Amino acid sequence: MFGLRLETVTDTASPDLPPTAAEPGAAGDSGAGSGGFEVHLDNFEGPFDLLLGLIAKHKLDITEVSLSRVTDEFIAYIKANGPAWDLDQTSHFLLVAATLLDLKAARLLPSAEVEDEEDLALLEARDLLFARLLQYKAYKEVASVFAGRLAEESRRFPRIVPMEPKFAELLPDVLLGIGPDQFARMAARVFTPREPPAVEVTHIHQPLANVREQAEILADRLRGLGRATFRVLVADCAGNYEVVARFLALLEMYRTAAVAFEQDAPLGELHVTWTGDDEAELDVGDDYDGGPAGETKEDDDT
Amino acid sequence: MSADVPEEPVTDLRAALEAILMVIDEPVPATMLAQVVERPVDDVERALWGLSEAYTADGRGFDLREVAGGWRYYTRDAYAGVVERFVRDGQEVKLTQAALETLAVVAYRQPVSRARASAVRGVNCDGVMRTLVLRGLVEEAGAEPETGAHLYRTTGYFLERLGLRDLDELPDLSPFLPDDLESLEETTGDQTRF
Amino acid sequence: MSADVPEEPVTDLRAALEAILMVIDEPVPATMLAQVVERPVDDVERALWGLSEAYTADGRGFDLREVAGGWRYYTRDAYAGVVERFVRDGQEVKLTQAALETLAVVAYRQPVSRARASAVRGVNCDGVMRTLVLRGLVEEAGAEPETGAHLYRTTGYFLERLGLRDLDELPDLSPFLPDDLESLEETTGDQTRF
């Protein structure tokens, strides 16, 4: 079922694949102007927001059919915006894109041909996507209720007026409960930033699967097998996230000519053949893993 | 207006409450008021509601409301235009869509971690959460035992800003949600994100 | 009381004045009120007296009075007793952690604006600052020249409560601070807010 995904990738210029496009160098030739239809939808708050926006744009309900109808636009949006995004944003979108493509692929397939296990996994992925979409929609609707209330409430001002002096004098003495030293200690704590300002966001969210690690696993396996189908290569993945990471790892390896792809039919099984060096260290950049981009950059695309 | 309606007299209890409410600078619960005036809470609550309704019926420029667990005077929204010029703190900055959505997730899921909130929205919300904390709408509420991740909850100021008595007054979310959300919860808990 | 007296209706002008008077924290002259509501001073004064008389006739717990050339709500003398009881018993005597921390920021950074104090603590502290002023621990100390924001400093009462003779006796912070905080000082000073 990843055949379609690869096809989508290879049908267009391969450097425009969103994660690769996140490299600073690739931004110039990215797919924004690559013709076809353009998506005039700005500032989406993540993949669910975008999906809802697209579905609403076509005046559709949230169904499997409508999902498959907006899949292309969803991908186009990622391609158009990819260069401006960081890895974190991109990965959220990619995960949804992966499911959308799977669903669309499944709709094109004669249903009998789908094997049970995959079928089940796909149904699960679909249900999960629906549930999350509906969940997000619920919060979005409630957020607009919040906005309304905030606006309404901002027109009412509470009485916050100091007490008349004759009453203020009656207030019991304040109990600080601490002495000067403790007071100073507390002040020092308040003045000390809780987290150094320089570190922040990047490492708070650790990707659940590391592309480089996945590449090592794949290389290891392919050195032994020589050739395998993608399905076999991802059979032991713990979750969607890992499947995607492994797929990205394969694309990276393809870029450095460590593997070759073969696919008989557009939706057929994807065969991966090891073409790399059996001894040399694997050359896979770590730009997927949230490290500072730009160190191991090589734009020598095949 | 009240000219032709026989108005309920301002009882001594009501007047005493009016006097106290005039000196407070934060919402005061009916129970606390009841203690001070030495009357049953029920009587006090009835008197407070009575006052509030009378102010509204008379079209007064102020309003008595129960917000964030307590009672306090507010100006009536119709007069926001003239009042604004006297209010020192000025206008609140409007929240972004991202902030509103994150606030909604925190409100209904509290206490909730940033990772969980990010998962619901499909977007990293670390920066937005910081903004909400800075605005005083959200505060830290301990850590998740398993992961050590900070948890967040809404504040009393959040209730004030939304004009809610308490969290029970949040609009019901269930009509919008899929039926099997419970099971979904489990999956997202494991995966952290989609 | 008003039950049998045909009451004068609350006109729009009166309601607007009620709304303004509810939020002002010092007496406001009728001329200023007239400007804001865009009505002749005579009309405004008549409305203010009308309100004041109606409040008295209705036996309300508050009173509208002109004192030293300005109008302001006061509690009615008859209810001073219950208000006093509320003030003595009802309020918390111990400062909250938030109030203590804000007090610490003011003590070591005075004079300081609320925005600056909020930035240091990473939390909005407008409400807390008001409490500190009300409690007499902190007082206003002019305005920041560039922004016009109010500045705050600690009071003699604060020193008294902490058992100090003057501010020089505040313990030095440096032993408690990490080494590189000097440079940090500079940055937070510039930023004021995030």
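Per-chain numbering from 1; labels A, B and C assigned in written order.
Definition applied: a contact is a pair of C-beta atoms (placed from the backbone, for glycine too) under 8 Å apart; a residue touches a chain by one contact, two chains touch by 3 or more.
Computed from a predicted model, the values in this text were never measured in an experiment.
Q: With respect to inter-chain C-beta contacts, which pair, A-C or A-B, contains the greater number?
A: Contact tally favours A-B.
Q: Looking at mean CA positions, which chain is nearest the middle of everything shown?
A: B
Q: Using mean C-alpha positions as chain centres, tell me how far chain B is from chain C in Å, no decimals.
A: That pair's centroid distance is 22 Å.
Q: Between chain A and chain C, what's the gap in Å when you average each chain's C-alpha atoms?
A: Chain centres of chain A and chain C, defined by C-alpha means, are spaced 48 Å apart.
Q: Roughly how many whole angstrom separate the Cα centroids of chain A and chain B?
A: 34
Q: For chain A, write out the residues touching at least two other chains, lowest number first.
A: Residues 157, 159-164, 167 of chain A touch two or more partner chains.
Q: Would you give the residues of chain B that are in contact with at least 2 other chains, written as numbers and ranges?
A: 21-23, 25-26, 62, 73-76, 83, 87
Q: Applying the document's contact rule, which stretches of chain B touch chain C when the two form their complex?
A: Checking each residue of chain B against chain C gives 1-4, 6-10, 14-23, 25-26, 28, 32-33, 35-37, 58-62, 73-76, 78-79, 82-83, 85-87, 89, 130, 133-136, 139, 157.
Q: Inside the complex, what are the residues of chain B that reach chain A?
A: Residues 21-26, 62-63, 65, 67, 72-77, 80, 83-84, 87, 91-92, 94-95, 97-98, 100-101, 103-105, 107-108, 114-115, 118, 120-124, 126-127, 160-164, 171, 173, 176-178, 180-181, 184, 187-188, 191-194.
Q: Can you check the complex and tell me which residues of chain A touch chain C?
A: Against chain C, chain A makes touches at 157, 159-164, 166-168, 170-181, 183-194, 197.
Q: Mind listing the chain A positions that touch chain B in their complex?
A: For chain A paired with chain B, touching residues are 43, 45-49, 88-89, 92, 95-96, 128-132, 134-147, 149-150, 152-164, 167, 200-201, 204-205, 208, 239-241.
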